[in-house]
Structure formats: structure tokens, C-alpha cells
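Okay, so chain A shows up in both of these, paired with chain B first and chain C after.
What follows is the complex of A and B.
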């Protein structure tokens, strides 16, 4: 049976580990030079959700910038959802979550969002970045995961949650 | 006062003083000696010397070259030239190995570019000749023949959803599926590149139509909801654009609703795969495939293919220019033309001297008669790829079965017009319309069918007619319907389902008495008040258009009695 195909975007500041998260998760990937050339790189992952049709996620890894609003909004067109990534050890990247989400929703207003606080392996349990991330996620009322591309912590769970959200409109 | 100090004590003290005064100098001297030894060692060791001088010399050279390029070139040319000559003489094989990847690619690219330009020049020349010589009438078949021997080849076709970049359908002529890179990812990247070019060059509504990659071209034909990307090698003729536009148009026509509502399900588009495969076969040029196959087998590929193509071109041009038997040629053209006009007939002809290869389809009787006529005229005919269409009556019987299964009365009709097949008839809803066309397409295996089935529903017709012939009236100076119109609106909506309305224009009207701005606002409020009722009944907002109209005092109120109203245009 053919899977449901969905486009999702991977967003966040430069250096938060988006591309590393993808490397952990996907099965097909283009050369990274595309990312530096045109600012986006497409990868693919098929996920099976219990009781649902398989979802073929086409993941658009959009080049990060330290300033929200710089990414071409055309890349968000038609996206069913986005994983917005920050670096738990960098406060600024956590503070930028909200404006990045705003930019995304301006183009894809029904797109579902999941937050990923990456580099969890670098920060302790009571690190201020970890606390700020949790607080931000609660304020935004969005599902969130503390991930580590290094040891794989929560990476699959984060993508699968997004997959489930984008095929369930409720 | 002077003290007497023994001589040995005096010498110790002097040594101590010397040590204190000269210690630092001694240490410095020792370090300098070590550094000198190190420098000597470095100078004697060639590799270490190069390592030390390399960054300095590189910077110095760069600076010098940037400052005085001409002088540097003049100074280095004799030395470099000599060095290169010596190196090439001494190590020809090494040099060839080193340069092969670069030169090979460059030659291939250059040959591809030269071929492309040659093809374009020939195409333009032919177009000019034909338009001058035949006054814009349909091209004679020798032109078609010439085009068919030109090396042009569609390798892959992608149908891609425009907004998301998701792949809807794909066809390829690769024999080995593993040889094709992941087509879903290609679709995404292709869309990303299009978006990038649009943003980077501020192209607005304009978009990328062609990407050249090595000796391949990606030609893009854009539709409203999806675009087609053709990966081609060689140079397509000038009519290729028309053909792919036609294909895009037909796909949009047949799958308009699915494309518009696309949310990730690609199953509705499965039948398009066959259409795309047929398209690749239809424009496929076998001789070129053989050349390509040879290219894979043999290392000397580019040159051999190039030589082969040149021979083909010369032969084709020679054929085109030589008109040794005008009467015989005229007879052939007349025969072909006569059968090309038959219903359902669609074929191309390749000719080598007296031998004709027919490729396409026709009804059995026409096919038989044409082959007989060609043989009678003395041509040797290969008709392996000239397939027989089932009789129209058989296809109509199949269509009757489809109509019966889907409960369509009266049954749908199939019309053959030239090379096109049309489905006509009426069905109660859009889903049945699509189901009927798809089921018949699957059973008949025709490459392309126009879906001309109309959706007609008695309830829908009734509702549309009522809307187009009625107006709703308002209390003076307000956006509140009067009691009779409220009743009429309820009755009107009970006549059918508002979801069946494809497009609805709600026009709010007011007269010009009083403040113009207030009148405009009132007209808008009236239109909105009625729109709200339709939205509550489940109509999609995107199908509704609001308009306003202020009637001047001199203007009549038209077909309706008063100007304080809302009227409709429904489809």
C-alpha cells in the first residue's frame, strides 16, 4: 500500500544540530553541499504508525540563521508540519524558537509543530537552558523532546510524534 | 679600611660574581646554539625546508602574481613550458591518467553542447523551410521522418505537486530500477531548486523552465497544481513544448479535483503512471537507445555515439535533400495522410530507403487497408509496433459495463475523433465521474482518454436555477432580510445541497441615496449576511465570491423589483 506523503520542515538557528538529527533518523540523504548552495536539503524517512497508514516524510532541512525571518518562506509552502530545533546549551537559540514558529505559521498556518531541544547530552539536569526550554514549550503549548543526535536520545520519538500529529488533524 | 682576604677565597668570590653576571648570557648563548643547530638541520633536510618555506613562498607568489600578472607570466612561461614538455615526454601515461577525468568530461560536455546547437540550427532551418515552402500548413512527413532520426530521448518523467514538492507519479525507461536515484527525493530537491531560483532572482511569477546538467536537460512544464519534469537527452524538436503542454493540460483536466485537494495520498494518481510511460514510449527513438546501450558497453562511447549520430544526420539530411522520385513520394504521403485522418489512428513512420517502420495504433480495418496499400505501392513495411485498436463497438460494450456497474443511466458514450477518444455522458456526482473514467481507462488500456463526462444532479440543477433566478430583499437601510426573503432563503436552501455548488457569486446591492461610503458598506454587509448562511450550511468559503453594486438613481434595478437586495450567480 502506498504511504501517505507529507512534507515537513526542520527549522532552527544555525548550529543547533538539525542536520545531525536528520543523519540519525533518515534513510536517504543528499549531499550536504546542497544545503550550502541553495539553503535546503531534502531527506526521506518512511515511518509506520500503529493503526495508521505508513507516512513517507519528505524532510526539508532548511539552513539555519541566527536571525529569524531570513529563511526564504517559499521553503515552508505546503509543509504539513515542522520540527523546530534549539540547542539546550545556547539560550539565544531557545529564545528564537517563537519567532521561527511565527515565520513558519505565516506561510503554513495549519502546520503542526514539535519542539526538539537538542544536545541534551551536553547539559545537566538542572541546566538553565533545559529549564528555559521546558518553560518555553509549556508556554507555547507544544509537544517537546530533549534530544541528542550524539546518542540518539528521543530522536525517533520526536519525528514519530510529528508524523502522528500531521496525519491526525484533530 | 682594608681587609686581608686569602687568595683562594678571592678566586671563589670572583667565580660567583662571574656566574651571577654571566648566567643569563650563557643560557641565551646556549639557546642560540641550539637554534642554529636546528636551522642547520632543517636546511640540510629538504623536506623540512620545503615545509617551512611553503606558506611563505605561496603567499609571496600569490602577492607577486596579483601585483604583476604579465611580468610573472613572461618570466615563468619559458621555464614552465620546458618543464611541462619534459614531464610529458617522460611520463605520458601518468599525465594522461591525471588529465583523463577532466578532459573526458570536458570533451563529452563540449560534444553534447555542439550537438545541441547543431540540432537547434537544423530545427530552425527546417521550420523556416517548411513555413516558407508550405505556407504554414501541416508539415509533410519527410520532415517528421527527419525529426525522428534526430537523437532525442525522454529518460524520465516526474509529475510533482507544485506546492509541496511531493511526487505524484513517475515513469522511467530505465531497465534496471536500482539505477534510478530515489525519485521522491529528486522531486523535493527539484522543487527546492525552483523555489531557490524564484527567490534568488526575485522572479515573481516567473519560474524555472529548464535545467541543464551535463548532457541531460530537465524540461519543466508547469500547471496550476502540479508540474511535469522531463529528463531528456539530446535536443527536442520545436513541437515538444506543445506536446508536453498538451499532456500537462490533459492531466489537470482529468485530475483537477484530486490535485486541488491533494493531502499526501498518491493512489488517485496511479493511472497517470501508465500515461507517462506511454508518453516516453511515444517519443522514444530506438536508434538512439541502441547508441546509448553501446555507450554503456564500450569505453569509446562518446566518440562512437557522436560519429554514429553524425552519420545518421548526414543520411537524414541527404534523404531530405534528395528528391529522386517525386511521384512515388507523393503517393506515399497521400496514402499516409488518408489513413492518419481515420478515427483513432495515430502513428508515425520511419523510413530507410524502401523500408517503412510504422509505430502507433489504428482500428483493425484501417490498419489492414493501409498496410495493403503500402505493400501494393511497393514499400516493405514493418508493422510490429503498429497495434490494433479494439473495434469501437467492443470498447463501447466495455463502457456499457462500467456504466452498469456504477449505475449510470443512460450509459456513457465513447467518441473517437481523429487520434483522440472522448468519454461523454452525464453522472450525478464528481466521484462517479472520476470513477467511470478511471475504470474504463484501466479496462480499455487506451493511452489517453478525454474525460468529457458532465456532472448533473437534478437537485443541484434545481438549486442552481433557483439561485440564478431569485433575489433576497432587505429592510431599508439595514443588512437584515425582510421576513418574506428569510422564508424564501430557507426554501431555496432546502432544494439542494450547497456543497454541490461549484462557484457562487453573492452580490450585495444598495441604492445611491445618502452617504456613498455608508451605501457601499451596507451593500457589503448584505452580501456577508447571506454568505454566513451558506457557510453555516457547509459551503466551502473558497467557492464564494462577494461583490457589491450601488445602483445610481437613474439606473434601473434590472430584472428584480428593488435595488435593496442580494442576487446570485451560481454554477
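What follows is the complex of A and C.
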């Protein structure tokens, strides 16, 4: 049976690990050398959700928001959802979650969102970055995951949650 | 012939185009366009918005282009080592009213990549440094009661800028780290943190280094020189190993602490600054005062808020938390993939007495991680300094008072065990009954 095709975007500040999350999810590999993404790259991953039709995710790895307005809003057109990513060790990337979500919703106002606080492996249990991320997610009332592309922590869960939200908006 | 030429030209510049029908099916397309389509889909029977991954979800957008006549573009799509600019524009043909073009922009993307790579790397590093400053208190790693106490005091002191603070503790206990934490907990990033080791400079240089000097103040003073006190204006001056400060300079420092004014070497004009002074020493300053090596008045001026940093051996299992912190740190620094400490390695760390404190632990972890790339650190990977054990102990030439020594050891063990007799007994290799007997013997409650 052919899967449902859905477009999702990975958005967030530069260097938060969007490409690494996609590579971990799609290819199950991790490479910690940093190569900044220019433009977009689309990867595919078919996921099976219990009781649902398979979903073929078209995952848009969108270049980082290094300053407001630099990322083409056309990248968000037609997206069913977005994973908005921050780096738990960099406070300003957490503070930027809200403006990034606002930019996305301006184009795709019904798009579903999950938050990923990445690089969880770099910060201790009581690191202020973790607390700020949890607090931000609660205020925004969005599902959130503390992820690590390095060790795979919560990566699949985060993508699958977004997949479920897209398929079953209730 | 025209189509052939067109396709040839497009192939030469590694670009592709396609014409699309009003029902968003592919009409004509150049050979390279097939490379943009999903392999498992048939280009002749699949709508273009199901065929090209980048067009999934764009049905409405494509219809808008036909309807409004306004083109739609997707800049810099990366695909198979190339970058393309995708333009979806109206085409003046009712049968195929949409033209899709993928222009090759690989060269442009490479240039942009080169510029942004460096810019972004700097941005990330700056943000991380700034976060480290803001989260300075999290630099105090550990959950032991001894460290919790330090954290509480640091929190209290962070808002009080005028009082001098005296940090005391064995070498390697992190006095410099605590000084930075105190500074960053209250200061903005622009306020300076100036550190000087009083033992590192000869007396003659130390005065001009601290207070500055005017041109001609001494031979080779060819121009005015700003001292560290002035450089720290608005921020923090950290004087490490304050006990090594020569007596003459101690008097000048005391005068500065009392008035917040000082006179650079050779100058007749006084200067005034607003700084927080943090001093540190690994010596017992009271004893230095008794021996006449440290001014009593300066000691009292500095000792308003004394903070004693505990040695690592008193921080119980914090040693493991710190070791984990160093593993994370060196994994990044050396690009390693060490998972953590194996149980035997943890045991080895817990049993060591750490005479060099946190610095010794840091060095131990660094050394272990230089020689290992991945996996768990095992006990054999950790090289520890040989420390004196009970069997190495020998009677001093002048003899000793065994009862006094026994009493001191009992008190030390109780202190380290936080008053817990069972743990104190374990530290001394005694049973609970034996320690109880000995405590009664020495009337220790």
C-alpha cells in the first residue's frame, strides 16, 4: 500500500543539530563535524504508525536562522508540520524557538509542531538550558523532547510524535 | 532539433525543466528532470506534486501560480552534490500553463557555504561562551553537602559587590573557578574579570602590575601603564595566592581596600575605581599572621566573608559527577566517543584520596582520554598518583603521641563522614562497636 506523503521542516538556529537529527533518524549515523547547511536538503523516511497508514516523511533540512528574515518563507509552503530545534547548551537558541515558530505559522498556520532540545548529552541534569527549554515548551503548550543526535536519545520518538500529530490532529 | 539543442544546453549546465498541465501532470520534460523525481513513481501517471519530493504539499501553490501569474521559487535545493534554484513560473500555453525549472547554482552555493561556515562557527562559539558565563553557577559540579553549602554561599554573595571575599582551600580545590562563578553570577559579560597570581611575579614588578605606573616612574617606564586594579574597574580583581604578597604591598592593598583609591607608581594623582576583590590562598592565613608574614589588619579586611573550599576527598561521590563532566568536556575537546566510567573505574576513583583535588582528577581524566577513543573507561585506563597508605607510614624521628594521633584520626573521620559513626568506622577500617569504644575512650561525643 502506498504511504501518505507529508512534508515536515526542521527549523531552528544555526548549529543546533538539525542535520545531525535527520541523519540519525534516516540513516542512523552521527558525524560531529559541523558543516553549515545552505538552502535546503530533502530526505525521506517511511514510518509505520500503529493503526495508521504508513507515512512517507519528506524531511526538509532548512538552513539555520542565523538572523531574522534570512530563511526563505517559501520553504515552509505546504508543510504539514515542523520540528523546531534548539541546542540545550546555548540559551539564545532556546530563546529563538518562539520567533522561529511564529515565522513558520505565518506561512503554514495549521502546521503541527514538536520541539526538540538537542545536544542533551552535553548538559547535566540540572543545567539551566534544560530548565529553560522545559519552561519554554510548557508556556508554548507544545510537545517537547530532549534529544541527542550523538546517542540517538528520543530522536525517533520526536519524529514519530510529529508524524502522529500530522495524521491524527485530534 | 530545437528540443534536442535545448536539452543539450540544459545538460551542459546541469539544469532541468518541465512543462506541467492544468491538472498538475507532467507534460514535456528534459532528460535531467527525471533525476528530480521519486524513483518508485511513474512520471507519466503521477501528479507532479507527488512525483518530486520538493513539491509534496504544494498543489495549492502551483494552482496559485497558474491563476495569479506570479512565479514561485525555492532557492538553493541541494540534491546529489549539486544545488539548484527552482523556479515555478506561468507558461503561455493553455495545455501546459506551468514551467518548472531547476537552475544549477552549485558554484554560488559553495561560495555562500564558505562565507557562512566561518560566520556561523564564530556565532556558535560566542553563544556557547556567553552561555557558560551566564550559567557560571552550574560550573560548580556536585551534590555533596559540602558543595551545596558552597553554592548557597556563592548565591548569597553574588549580589554583594563591595565586600572582599577570601577563598581558602587546598591546592586544586577550584578557588579560581569559584572566583569566576562569583563574578559571572552577578556581572554582565562586558564587566572585566582580572586574575593575577601573586606568587608568579617578583615584588618589583608586582606593584606596577597591580597599581600601574606613570612614564618615568622607573627605568624603562617609557610610557604610562594601566595597572590591573584599574583594568578591573567595574568588575572583579582576583588575587590568587594572596599570602605571597610582599608586606609593603599588603599595606598599599589595605589602603586601597579601605578607600577604593590608589596612586599609580610615580604618580602624585589618586585614582578611584569600583571593583570587587576576591583573594585566595592555600595557606592558613591566621598562621601566616601569627608568624608575622601577613598583616593582621589586611587579614581582618579580607576575612569578612571567608569561604573554605572542601578538598575532593570530602566530597564523597561528587568525584564521579566531576569525572563525568570531564569525560563530556574531553569528548568534545579531543573528538572522542567515551561513554563513561566502567564500575571498576568508578571504584578506583572513589578509593583514591586526591591530594591534588579537582585539578588532579581533571589531569587523570585527560590522560586517560588521550589514550582511549571510544567505549568505557576501565580501571586500568586511569593512572593515579601513588599516595601514602597506612602501611607506608613511618614513625617520625622526633616520635609522636599515639593517643593524640588516634584522637585526631577519629575526629577527622567523623567530620568527613558528616557525623555518621558507621561511615566513620568504615573510613578507619573499624567495626561500629570498636569505634564506639574508642570514641568513649576519648570522650568524643
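As a working rule, the second predicted complex is superposed on the first by the 157 of 170 C-alpha atoms of A that agree within 3 Å, B and C clash if a C-alpha of one lies under 4 Å from a C-alpha of the other, contacts with A are read in each partner's own complex, and residues count from 1 in each chain.
As a convention for this text, contacts are C-beta pairs under 8 Å (C-beta built on N, C-alpha and C of every residue); 3 or more make two chains touch, one makes a residue touch a chain.
On a predicted model such as this, the values are computed, not experimentally measured, just so you know.
**Student:** Using the superposition on chain A, decide if chain B and chain C clash or fit.
**Tutor:** clash
**Student:** Who touches more of chain A, chain B or chain C?
**Tutor:** Between chain B and chain C, C touches the greater number of residues in chain A.
**Student:** Kindly classify A:4 by the partners it touches after superposition: chain B alone (first), chain C alone (second), both, or neither?
**Tutor:** In the superposition, A:4 contacts chain B only.
**Student:** Touch test for A:44: chain B only (first), chain C only (second), both, or neither?
**Tutor:** both
**Student:** In the overlay, answer first, second, both or neither for which of chain B and chain C A:153 touches.
**Tutor:** Neither chain B nor chain C is touched by A:153.
**Student:** Does the superposition put A:20 against chain B (first), chain C (second), both, or neither?
**Tutor:** neither
**Student:** Flag for me the stretch of chain C that overlaps chain B after superposition; candidates: 4-12, 130-138, 292-300 or 310-318.
**Tutor:** 4-12
**Student:** Between chain B and chain C, which residues of chain A are contacted by each of them?
**Tutor:** 5-7, 34, 38-42, 44, 58, 72, 74-75, 77-80
**Student:** Once bound in the complex, which stretches of chain C touch chain A?
**Tutor:** The touching residues are 50, 53-61, 72-79, 83, 109, 112-113, 116-117, 119-121, 123-124, 127-128, 130-131, 134-135, 138, 141, 321, 325, 328, 332, 335.
**Student:** Which of the residues in chain A end up touching chain C in this complex?
**Tutor:** Those residues of chain A that touch chain C are 5-7, 14-15, 32, 34-42, 44, 58, 63-64, 66, 72, 74-75, 77-80, 89-93, 121-122, 124, 126-129.
**Student:** What residues on chain A touch chain B, complex-wise?
**Tutor:** The contact residues of chain A facing chain B are 2, 4-7, 28, 30, 34, 38-44, 55-56, 58, 60, 72, 74-75, 77-80, 167.
**Student:** Would you tell me which residues of chain B are touching chain A in their complex?
**Tutor:** These residues of chain B touch chain A: 161, 163-167, 182, 184-185, 188-189, 192-193, 195-196, 198-199, 263-267, 270.
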